[in-house]
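Take a look at the structures listed below.
Two complexes follow with chain A in common, the first pairing it with chain B and the second with chain C.
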Partner chain A sequence: MELRKNYFADVRRDDLHEIGQPRPRSDSPGHVTGKTAFFADRNFPGMLHLKMVRSPHHHARIRSIDTSEAEKHPGVVKILTAKDVPHNVYTILILIQIGPEDETVLADGKVRWKGEAVVAVLAETERAAQEAAAKVKVDYEVLPAVFDMQEALKPGAPLVNEYHGQNYYLYDSGECRKVRFGDVEAGFTGADHVLEQSYQSSPIEHAPTETTGCVVAPEGNDRFTCYTNTQAMFFTLDNTSIILQMPGSKLHFVGGTVGGGFGGKVDVIVEPIAILGAKLTGRPVCFIYSREEEMQISSPRAAEKVVIKDGVMKDGRIVARKVTGYTDAGAYSRHSPYGAQKGAGHYPGPYTIPNVWIDTYCVYTNRTPSSAMRGFGVTIGDFALEVQMDKLARLIGMDPLEFRFINAYRDGDMKAHRQPTEGAALIECMQEASRAANWPVAEKYMAMSSYVKGA
Partner chain B sequence: MAIRRGRGVAAINYPTGMNLGGDPTQALVHSTPTGNFMVTLSSVDLGQGMKQIMAQICAETIGVPTDRVVVDTADTDTGPHCMGTFASRGTHRAGNAVIQAAREARQVMLEVAAEELEVNASDLETDGQGNILVKGAPQKSISIFDVALSAHFKRGRSISGRGMFLIPRSYPEKETGAMKPSTCYAHACTVAEVEVDDETGEVTVLTVKNVFEIGRALNPKMVEQQLVGGSWMGISHALYETTEPYYPNRDHGGTDFNQYLMPGPGDLAETEIIVLERPSADGPYGAKGPGEMCANPQIPAVANAVFDAVGVRIDTLPITPERILRALKAQAAN
Partner chain C sequence: MAKVPVQFTLNGSEKAEFVDSGTTLLHALRDKIGDTSPKGGCHQGSCGACSVIIDGELRLSCLTLAETCDGAVISTTSGLSDSGVLHPLQRAFLDTFATQCGFCTPGMIMAAKVLLDHTPNPSRDEVVEALSGNICRCTGYEPIIQAVLTVARSNSQNAA
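And now, the complex of A and B:
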């Protein structure tokens, strides 16, 4: 890595003692010698193992659940169903007033994706819990499912989630988050070329070294200590408090040393049910995802579809950009309404465009709920935007890098969401990339600056 | 049939912190009797090294070496609230909270030192080595070790501070979408060079040159580890990864690392990282959040390089050999 100190030297202090110093990480020796304690290193006498009975169907009504055979299985201590969870219907962002509550801790009457948790089995060993889970009999009536976002948005599509009432998240702005800036249709009319293209991504996995999980110990004083690898301690504690209808003062969360998150550990999934298990049995409980659960049950990055329509002039100026983004939330909201909305704030990318129209939709389908992942709301949008930029440049016969200089935002430029640009540095990044990659651009672009002219 | 070479570019920006703000983080700082400093948080270190960075920020602000700072984090019985480690917010939000707490503690420390030295606190400065000096008369000084002892056992002062950082929440206007998504943005430009085998559809990323503007590299070695890792993840995202290979079909999803593909050590591109620093107005020592954005520009850069190499656009991720071959076949048919 190289630090290029010649850029922005006039606005930076380089005389600090500790900041800017490549100090060795104090936790590295523990990590590389295996001495660092992670949550799963906690072991308590009498600890129970929790395993889930999961839906084999994408969408089904639950006619009945029969746990009688599973209860007789050697080593089984407790079996939990929806009726055991005090506040079974929840949504994690309710803490910042993004509702409605739309997801069940344990399925109640219905499953909406293949893999959904239906019954929790607590047993003396992991194997006993697994074997007993296989003996739980669930009678399902299979319902039609919808997997494609465009199909889900059509009238008459199977309704994925009754708590929403339609297959999209209803924002205060309506069926999508909107940004309107200038007159996009007039921009297209006046453009030399108009290009509309569609981009698609697939769900991906966070793939942390350490899978999602927690270990819960009752403290004997009505308090429960939960050792967890959550990315958000109080977020998890406060949601657990709601789900279990238990005062937050009864909960003690310990974590903070995590083997990779990437956004995969901000859903509140394992802690509430494990703490409930510990409360109802009076024994320590561990609930740790297998690698298969981490990959297919734990929320992936959402699949997204992005449609971009641009009006561009022969001289390289983009004069209008319309973006329609679709985020596949799967069966439940989790963080997807937030992610889709983040996209609306991000488009049209780091470019100054006078006419912009943005709609971002959060769509429900019968698949594994997606949620947060490194850059969500932006990453797929950037893939779409930057491939589109390449296509536009080639359409007008211009060098793709020079084309970006022409449109790059600079300090003071008004963004589509009506904030003036501050602290821009896109131009300088491109200038340095031009040098580093030996991709020459015209001198006038190398002379540009993100600073406001004359300021 | 041939191996064809191409290159592509992408330029991006990325907001720091939770979209639309409203995501607070608090910190507490206190001195031990011998002048070591404890930072108490409930923030989570995901492996990226947050504890180390918080220690350096506290040390810089107090005026002591980093090894005199201990970070105690992620215990809800002791640590004050933090929204969590996500949205490229850890360093920016918690760092600002630590600075505020450390400033308050530093002020008490200087007041105690002033009493010991019989000068005004405003005339004192720290040397970053663990001493407090009178400005312009450095021979008149006291160690922070002695100041902490005095505060505890003689003067009855608590060298401690509270810090809180919150960007007030912005609510998007319904019709126009007027809003404030973020207060600062990191930037990047990536150039990727690939080889595409037009017989097998296989893509080899030869080089990836990433320029990142991150506000301030608080610890350059740790910045490097995060940016190199992110660059790898971006390439992996572009070419390999999916839990549903035939989305929206739900079948054929991988359940372990034999079935879920990622590039191995032999597939690593030659990676170059260049960092620019334009300090942000509200970042701790100017830092922005590069945690997420560093994995983004490689994806379109690789996609554009594939087009440059073989003349087909793959607008669906991941860019698998199957998709490339199908596109080449369609191109040949036309």
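And now, the complex of A and C:
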């Protein structure tokens, strides 16, 4: 490994013992010997298996649920519906005061996406649970559904989620997150060229090799030990405490070993219902997503649409940028209001632009609820922004890398959301990239600095 | 349901179990015998995390019925290290940072072992081909290929 010492020579420390040194991973010996204990490697005598009855419709009213045939199926121990869940309507980010509670653990009166959990079946074997789940009869009245964000925002669109009252998340700033900096319209008026482009992405599944799940063991002291592959241990513990109306002291979560997460295991989905099953039966419970559930039911990265309008001068300066971002939350909030908000702060990109206007919407549709995935809220935005940067450079006949040097943010620059830039290193990264990719730029750009004034 | 008796050698030890007809070898190993080193990632033969060695051949234990393994000799990753000394493949996976989340690792090591047992000095293409049935979703394929090639090179030096 090589550490370049020519950058930031006066601010860097060279007495670091770990950085730049290869160190063995502490978990690798367990991985290569097969000794690492993933949650599904826990097995308890008498363990029950939980399977979900899921909605076959994108949007429907539930007229009735009949579990009588399923209850008679050999091996079935317990069947759970909405009425069994102490605090059935929840939302994950309520822990940081981002409400309202808008999602049901088990559907109550309505389903809002295809695959939504309706009834939980606990049985002696996985097979018995699966067979009994197929015998649960749910009578649905199918409702009109909406799958496109622009359609969902139109007046008269089917209302996806009554807990919100409209098909977008209502921020304290109104129907969207807003950033206002300078005078964007004046910027466009004074620009040599204006370019407006639209970018969009589909949902993306994380597809971890280990599917989402947990194993719960009731302890003798009225506590429950939950072995889980959640990526959000304390969010899960606290939300479970709310959903089950059970003090956190009754819950012992064991985790940290995750067979691939990538953000796909931060929702609180399997643990509360499995612990409830263990509580009501007094038996250990195992709830593991099948591969099909992992691909179809677990939250994907949100679909996004990004519309960017830029005003640019012939000399390469971007003088105005207007961005409208749409994040498809699917039927429920989960982490998407936060993702859309992150986008608002991020959309100017790592560039200093004097006039900026940003609106980002978190939109509800009858699609699978989306949530976290590797840089959610900014990753798709970065794709859009950097494609836009290439198009702008082409428009004014400038080298795309030199175009980025001209607009790169530097220490002391004020960002559009009013955070002063500190610790910028974009210029230095681009200088290294220029050398590594053998993409030469003019000497004046190679002499620039992120933090030396005038350079 | 009628039980079926099954007897096989697992990592050098004799094992005998009664299983339900239709039980997969993966289920029998993990939930009955207690060897959890083979992992269930898809239960449909597409991810390779459940790979084990049966009579010298690489097999997907999620698609193998336990009752067909009567009299077989079965190896899994948990049986690879000899009294605490890591197998060269395990050592190489450690040294080349070829594990990330670790879920695919036991299956990867089984696939690599069968390759090297049959072809002690494989080409890079042969390594890639041998690992092609095993999915690593942390996308750490390059260090995994390097780990296998490291052992292959040391094989050829020992042979020289």
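Operating definition for what follows: the second predicted complex is superposed on the first by the 446 of 455 C-alpha atoms of A that agree within 3 Å, B and C clash if a C-alpha of one lies under 4 Å from a C-alpha of the other, contacts with A are read in each partner's own complex, and residues count from 1 in each chain.
Going forward, a contact is a pair of C-beta atoms (placed from the backbone, for glycine too) under 8 Å apart; a residue touches a chain by one contact, two chains touch by 3 or more.
The structure presented is a predicted model; accordingly, all values stated were derived computationally and were not measured.
**Q** Thinking of the overlay built on chain A, is A:V258 touched by chain B (first), by chain C (second), by both, or by neither?
**A** Both partners, chain B and chain C.
**Q** Output check: A:F38 vs chain B and chain C. Expected answer is one of first, second, both, neither. What do you get?
**A** Once the two structures are laid over each other on A, A:F38 reaches chain C alone.
**Q** Using the touch definition from the top, say if A:R291 reaches chain B (first), chain C (second), both or neither.
**A** In the superposition, A:R291 touches chain B and chain C alike.
**Q** Touch test for A:A207: chain B only (first), chain C only (second), both, or neither?
**A** both
**Q** Figure out whether A:I19 sits in contact with chain B (first) or chain C (second), or with both, or with neither.
**A** first
**Q** Which partner does A:P144 contact after superposing on A: first (chain B), second (chain C), both, neither?
**A** Touch status of A:P144: no partner.
**Q** Using the superposition described at the top, determine whether chain B or chain C touches more residues of chain A.
**A** With both complexes superposed on chain A, more residues of chain A are touched by B.
**Q** For A:P440, decide between first (touching chain B), second (touching chain C), both and neither.
**A** Neither partner.
**Q** Counting only touches as set out at the top, which of chain B and chain C does A:P29 meet: first, second, both, neither?
**A** After superposition on chain A, A:P29 lies in contact with chain C alone.
**Q** Touching chain B in one complex and chain C in the other: list those residues of chain A.
**A** Comparing the two interfaces on chain A, one with chain B and one with chain C, the shared residues are 22, 24-25, 27, 31, 207, 257-262, 291.
**Q** In their shared complex, at which residues does chain A touch chain C?
**A** 22, 24-25, 27-38, 40-41, 43, 206-211, 257-262, 290-291
**Q** Where on chain B is chain A touching in the complex?
**A** 7-15, 19-20, 22, 42-47, 49, 51-52, 55-57, 59-60, 63, 65-67, 73-77, 79, 81-86, 128, 169, 172, 174-182, 184-185, 187-191, 193, 209, 211-213, 215-224, 227-228, 230, 233, 237-238, 241-245, 247-250, 253-257, 260, 262, 272-281, 285-286, 291-293, 295-297, 299-301, 303-304, 307, 313, 315-318
**Q** Which residues of chain A touch chain B once you look at their complex with the stated criterion?
**A** 1-5, 7-8, 11-12, 16-27, 31, 58, 96, 114, 147-149, 172-174, 177-181, 197-205, 207, 230-235, 237, 251-263, 265-266, 291-292, 295-296, 300, 303, 328, 338, 341-342, 344-346, 349-350, 358, 365, 367-368, 372, 374-375, 377-380, 382-387, 389-391, 400-401, 404, 408-409, 416-419, 422-426, 428-430, 432-433, 436-437, 439, 450
**Q** Considering only the defined contacts, which chain C positions touch chain A in the complex?
**A** On the chain C side, the touching residues are 30-31, 34-44, 46-47, 49, 76-78, 80-81, 86, 89-90, 93-94, 97, 99, 101-106, 109, 135-138.
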